[in-house]
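As C-alpha cells, here come the structures.
After this come two complexes, each holding chain A, first together with chain B and then together with chain C.
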Partner chain A sequence: MGFIWYLIIRLGGALVTIAIGAVFVFILMQLIPGDPAIAALGENATDENVAAFRRVHGLDQPLPVQFWIWLTGIVQGDFGTSITLAQGYPVWDLMVQRLPNTLFIAVYALLIAVVIAFFAGSIAALRQGKMSDTAATSASVLGISMPDFWLSYVLILVFSLGLGVLPAFGFTSPMVSFSGALVNGALPAFAIAAPMAGVFARILRAALLETKRRDYVTAARSFGFRDTFVYMHYIFRNALIPFVTVIGVQVRYLVGGTVIIERIFGIAGLGSMMVDGAFGRDYAVVQACMLAFLVFVLGVNLIVDIICAFLDPRRTH
Partner chain B sequence: MASSTFSPKRFARDVLRNRSATAGVAIIGFMTLAMIFGPSILPYDPNDMDFMAILEVPSWTHPFGTDAVGRDVLARVLYGARISMLVTIVGVALGGAAGTLIGMTSGFVGTWVDPVVMRIVDLLMAFPIFVLALFLMLVLGFGIQPVIFAIALVYVPNFARLARNTTLSVKEEPYVQAARLMGQSNLRIMLREILPNIAAPMFVQLTVGFAFGIVIEAGLSFLGLGVQPPDPSLGVVMADGKDYFLAHPWVITLTGLTLMVIILGLNLLGDGLRDILDPRLRKRSMA
Partner chain C sequence: MTSTRKPSGVSRRNFLVGAAAGVTAAAMPSWGRLANATGHHHLNVGLIGFSVVNTLDPQKAGLNSDFWTLSALFNGLMRILPDGSVEPDLAESVSQENDTTYVFKLHKGVKFHNGEELTSEDVKFTLDRVLNVDTASPNRGKFTAIEQVEARDKYTVVVRLSVPSVPVITHLHNGVTGSQIISKKAFEEMGEAAFSKAPVGTGPFKVKEWRPSERLQMVAHTDYFRAGQPKVASCDILLIPEETSGGTAMLAGDIDLASTIPFADAPQLEADPNITISRLPGANWRYCALNLNKAPFDDVNFRRAVSMAFNRESVIKAAIFGEGSPMQGSIPSYLKTAYATYERPVCHFNPERARAEMAKGKYGEGTEAVVLTWGSGWWKRWSEIFAANINQVLGTKFTVEVTDANVAFQRYKAMEIDCSNTGWIGRMELDEYVGDCFRTDASRNFYKYSNTKVDELIDAGRAEFNPVKRGELYRMAEDIIVEECPVIFAFNNNAHNMWRTGVEGFVPTPGQHLGSQLGPVSVPS
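Right after this comes the complex of A and B.
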C-alpha cells in the first residue's frame, strides 16, 4: 500500500511542477521583445492584417484569458500552429514526428553511459589505488571535461572520415528502421554519453568504496561467500541507489546536449526543432518544446524515484 | 570551523599537497597566462585577414593553422578564450551571488518564504540546463550581455539550493544562537555568522560552475545565439570551423581541444578544492 501512495504523491508533485512550469514559460514568452503578430506577418503587414491576426490568435484578449486559452489547448493536445518553421502546421503534429528521434538518442546515450560507467566504476573501486583505478578515474575526469558538441566532430573525424565505419551525417528514424537508427545514432549517442559516463563512473566508484567497508559486507565475507557473490549481492546492489539517483540529476545536462548534437548530425528531433524555432521566432514551437523537455526531465526523475523505491523500500514510508 | 581560523598559508599548502588541485592550478594558470599575454606575443591580430594564407594546415608560423579568410586560428582561440572566460566568470559569479543571497535568506527566514522559494528553485532545476539558457537567450536577445545574464540566471537555482541547505545546517549552531541572543540584526547574523560558514561549499560550486558555464557560453555562441562574429569566442571560432570541417578539420578540433583543457583544469581544481574545503567529504574519500 505504501508504494502506491508514494507513487501518487510523486506523480501529483510532478503535475503541480508542470502546471507552474507552464505559467513560468507563458510569462517569460510575454517578455520577449517584439510583437508576435509582426514577427509572423512581417514588417510590411497592414494594420488591418495585424489586428485580424491578433483577433484570430486571441492576442487581443487580456493575459489571464490568453493563458487560459493556451492551457486548455495544451490539455487537449493543441499547442497552436507553427508560424515560420512549418507554416500553418500544428505544433503537436511536429512534436509527434520528432519526439521518437529525441527519445531514441537520449535513451541510447543513457544506456551507453550506464554500461561504460558500470565497468569503469566497478574496476576502479575493486582495484582501488592500483593502475587500473588511476586509469579509470583519469578517463572519467577527461570524459566529464569533453564538450559534447566538440566530441561529435572528433568522433566524425575518427570513425567516419578516418576509419569510414560509421556515417557522419543523416539519421534514420527508429520508426522507419530500428537497426538503421542504431547505426546512424551511434556517434551522436556516444558524444552525449561520454561526459555522463564520466560522472556516473565517479559516483559508482565512490558509492562502491563506501559500501565495501560496511559491516554486513565483512559479515558476508566471513561466511565464506565467494568474492563475485559478495560483490553482486551485498556491495553492488546497495551502491546502486546513489548511482541511479545521479542519473536523475544528470538528465538535466543530458537532454541539453541533444539540442546541439541533433543539429550537428542532422537529426530531426525536439532539440533541433527548438533551435530552429528560436531562430525563426516561432514562439508556439519554442513554448511547446520547453514544456516537452520539462515533462521529459520530470518523467525520468519519476522513474528514478520508482527504481530507488524498489531498491530501498524504506523510502516509501 | 570558524572563518577566523582560515589561513591563506595553510590553504596554499593544502592545495600543493592535493594532486588534483595542483594539476588544476597548473593548467588554469598556464591557460590564463596564455590568454593574457598570448595575443600580444603573437604577431597576428585575431581579426586580421590574410588572403594569401587561407586554410593553411598547422605549421610553425601558424601553430593552429588559418581559417577561411586567412585569420590565424591560435590568435583567435587565445583572444576568444579570453572573451569566453570573462563571460563565464562574470555570469557564474553573478548567478552565484544572487543564488547564495536568495538561498541563505530563504533558509534563514524559513516561515512561508522557504517553501515558496524552494518550489521555484525545484521548477527551474527541472528544465534541462542548456534548454533553459537557450530559452532565456530568446527573451534577452542575442549577444554578449544576454549570454552573461542567461548563464547567471541558469545558475541561480543551483546556488540557491546549496546555500539554503547549508544555511539550515549551521542555523542552529551555538554561535548563531549567541549572536541572536546578543540582539544582532538578521542581516548582520547572515553576513557575519552564516555566510563565512557556508562559504567553502559555495566556493567549490563556483569552480564547478565555471566548468559547465564555459560549455554553455561556447554552445550558445556555437549555435550563433551568443557572442556575435567577428568577435571571437571559443564557440564562435568553432562555428566558423564547422563550415569547412570535412576538408579542414583542424580549426574546430584544436579550438575544442583548448576548450576541453580549460574545462579539465577547472574540474581538477574543483575536485581538489572539494577535498580540501569540505572536511566531511575528505573523511569519506580517505576511507
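Right after this comes the complex of A and C.
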C-alpha cells in the first residue's frame, strides 16, 4: 500500500509540474524578442505579407486567446502546426519523426557508458591502489575532460576519414533500418558516452569502495562467504543506488543536451528541432519540445526513484 | 501421466541460430551510401549552412534554402544561364507585342510529376496565385507590375504589365522568385497543406519524402522535358547546418556535391585529390546598413569618412579567408553590363581623406555607434574588424553588439539600430541590387534613402530593354548612391561549390541555385 501511495503522490506532483511548466513555457516564448514572420517569409516580405502571415497563423490574436487555443489543443492531443520550421506541418508529426532518433541515440550512448563504467568502476574498486585502478581512474578522468564535440571530430578523423569504416555525416532512423542506425549512430553514441562513462565509473568506484568498508560486509565475510558472493549480494547492490541516481541525472541531458553532437553528425533529433524552432520563433514547436522534455525528465525521475525504492525499500516508508 | 512431445525437427539451439540469422538478414544494411549498391545512380547533395527548409511550395517560399531545394522540383518560364543571361525554359519562345505585353509560347508535351501536361492554365494559375493577396506570398512584390495573365490558347500565355518592366520577366526564372510553375490540377486536388509537402512541378526530380530540417528525398522524373535528364535515378538534398560537418561529409564521401564550402576549410578541402572546388564571384553583396535618420549616420560627411576609414581588404583576409573581393557599390561583378570598373575613391581605404572628410561634418573623434550583427562565425569577425578599423582611423568609439539573426533582422527592418552588417545573396536581377534597395519606398530600402535623380534612373533602367543601356542607367544611379553612402559597401564573397571526383555535368553559377542545377549531374554507380 505504501508503494502505491508513493506512486500516486509522485504522479500527482508530476501532473502539477507539467501544468505549471506549460504556462511557464508559453510565457517564456512570448517574452523572447523576434518575429516568426521574419523567419518564415525571409527578406522579401513586405509589411503586407507579414500582416497576412500573422493573421493566417493566429499571431494577431490576444495572448490569452493564443494560450487558450494552444492549451485546449494540447489537452486534445493537438500540438499545433509548425510555422517556420516546416510550414503547415503538424508539430506532432515532426516529433514522431525525431523522437525515435533521439531515444535511439540516448539508449545507445547510455548502454555504451554503463557497460564501460561497470567494468572500469568495478576493476578500479576491486583492485584499489593497483595499476589497473590507476589505469581505469585515469581513463575516467580523460573521458570526463574531453569535450564531446572535440571527441566527435577526433572520431570522425580516425574512423571516417582515416579508416573509412563509419560515416562522418548522416543518420538513418531506427524505424527505417535498425542496423543502419547502429552503424551510423556508433560515432555519435560513443562521443556522447565517453564523458558519461567517466562520470559513471568514478561514481561506481567510490560507491563500491564505501560499501566495501561497511560493517555488514565485514560480517558477511566473517561468515565465510566467498568474495564473489559478498561482492554481488552485499556490495554491488547497495553501491548501485548512487550509481542509478547519477544515471538519472545524465539521461536528462541525453534527450535535449546533445544538440552539438546532433549537428556534427546530422542526426535529426528533438534537441536540434527545439533549437531550430527557437531561432525561427516557431512557438508551437518549442513549446511542444519543452513539454516533451519536461514529461521525459519527470518520467526519468520517477523511474529512478522507483528503482532506488526497489533497491532500498526503506525509501517508500 | 506422460506426455510425448512431438519432435519439431528444430532443436532449441538450431532455433536460436536460425533466429539470429533471420534477425541479421532482416537487419542487413539499407542505409546511407549503401543504398547505391542497388545499382542505380544516386546523388547526395549537401546544402551547407542551413538547418531549415520551411516549405516546398514555391509561391509560399521566402528563404534562400527553400528555393535552393525546391528548384529541383520545378521550372520557371525562363531560366538564367551561368553567364547571367536569361532565356526561355518552359517557354519555347517569348515575344513582345508592345512594351508592356509579353507572349510566351510553351513547349508542348511537358509533363508534370503526376503525368498531366503543362498548359497555359497552369501558368496563369501560378502567376495569379503569387499575385493573390490571400496567398500571402512573400514574392508578390516582384510581380506587382503584372496587370493581367491570359491563357490565350492551350500553349500560349499573355502577360500584360501596367508599366514596362524588364525585372518582372527576369523574375520568371527558377531561382529566388516564387514564380516556379505548379500543377493547377494537383494543387486543387491536394489542397495547399498537402501540396506544400509534396508539390507537383515539372522539374527533373519529384518528391519521394520530405523530412523537415533533415533531407529531401527525390526520385527522377522520368518524363522530364529536357532529354537525357536527370542523369541519376534518385537524389537526396541533405541539410548540413554545421559548416565544418559539410567539409568532413565531403571528405568522407558521404555527400557528392555541396552548395558551398566553409571558407576556413577551403585549403584543406582543395588539397584532397578527390575533391574539386569551384570559385566564382558570387551573386551577393555585403554591406553595413546605416540608420540615416539618427546620429551619427545622418551626416553624409561622417558616412563618407567611415567608408574611407574601412579597410575592406583586412576583413576579406581575416573574416572570409581571402574568399571575396572589395565592393565599391552594390552591383556585383558578374552583372557585367552594370558593374563599375573605374575607381570610386569614397569606397577605398584612405585614412587621411577619411579624417579630412570627418572634419567637414557634424561628428568627430569619440563619436559612438553600435554595430549590430549576429552569429558567432565570420559575421561577428567582420563586425569586430570593421569597428576596430573605424575606431583606429577616426578615433571613434564603435562597439559591436551580437544577437541572433531573427532579432537582428527585425531591428534592422524597423531601423532600431545605429548600423548593422548585413547582405543579400542569390539575386540574379540587376534591379534587385539597386532598385529594390535604394529607390524611394523600395521593399528593402529600410534605411529610407531617397534621391529623385536615383529614382528616375532606376525607373528608366527598369523600362530599358537594351541590356547595355540598361546597365549604364543602373551604374549611373549607383554612382550617385555611392557618393552619398547610405550604406557602407563592403565586399562580395566568392560563390563556391565542391564535388567529388566522378561527379559530372555540374555547372557552377554565381547565384548558387543548387536545386535547379541538378538535372545534368551524373555520378558513378
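Quick note on the criterion: the second predicted complex is superposed on the first by the 280 of 317 C-alpha atoms of A that agree within 3 Å, B and C clash if a C-alpha of one lies under 4 Å from a C-alpha of the other, contacts with A are read in each partner's own complex, and residues count from 1 in each chain.
Heads up, the rule we're going with is that contacts are C-beta pairs under 8 Å (C-beta built on N, C-alpha and C of every residue); 3 or more make two chains touch, one makes a residue touch a chain.
This one's a predicted model, so the numbers in the text were calculated from it and none came from an experiment.
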Inquiry  = After the superposition on A, what does A:Leu41 contact: first (chain B), second (chain C), both or neither?
reply    = second
Request  = Examine A:Phe178 and indicate which partner it touches, taking first as chain B and second as chain C; both and neither are also allowed.
outcome  = second
Message = Is A:Leu161 touching anything from chain B or chain C once the two structures are fitted on A? First, second, both or neither.
response = both
Message = Quick one: is A:Pro33 in contact with chain B, with chain C, with both, or with neither? Answer first, second, both or neither.
response = both
Touching partner for A:Val297 - first (chain B), second (chain C), both, neither = first
Ask   = Taking the superposition as given, does A:Ile307 touch the first partner, chain B, the second, chain C, both, or neither?
value = neither
Task = Could you say whether A:Leu59 touches chain B, chain C, both of them, or neither, answering first, second, both or neither?
result = neither
Inquiry  = Output check: A:Tyr153 vs chain B and chain C. Expected answer is one of first, second, both, neither. What do you get?
reply    = both
Request  = Answer with first, second, both or neither: which of chain B and chain C does A:Arg263 touch in the superposed model?
outcome  = both
Query = Is there a shared patch on chain A that both chain B and chain C touch, and which residues make it up?
reply = 33, 153, 156, 161, 263-264, 279
Message = Help me check something: in the complex, which residues belonging to chain C touch chain A?
response = 27-33, 44, 46, 51-55, 57, 60-64, 66, 133-134, 136-142, 176, 192-193, 196-197, 211-214, 238, 240-242, 244-246, 248-249, 251-255, 404-407, 409-410, 413, 424, 443-444
Task = Spell out the part of chain B that touches chain A in their complex, as residue ranges.
result = 119, 122-123, 125-131, 133-139, 141, 211-212, 215, 218-219, 222-225, 238, 242, 245-246, 249, 252-253, 256-257, 259-260, 263-264, 267-268, 271, 284-285, 287
Chain C contact footprint on chain A (complex, rising order) = 33-35, 38-46, 48-49, 52-53, 56, 82, 84-89, 94, 97, 153, 156, 160-161, 164, 167-170, 172, 176-181, 183-184, 263-266, 268, 272-273, 276, 279-281
Ask   = Tell me, which parts of chain A touch chain B in their complex?
value = 17, 20-21, 24-25, 28-29, 31-33, 141-142, 144-147, 149-151, 153-154, 156-157, 161, 206, 209-210, 213, 251-257, 259-260, 263-264, 271, 274-275, 278-279, 286, 289-290, 293-294, 296-298, 301
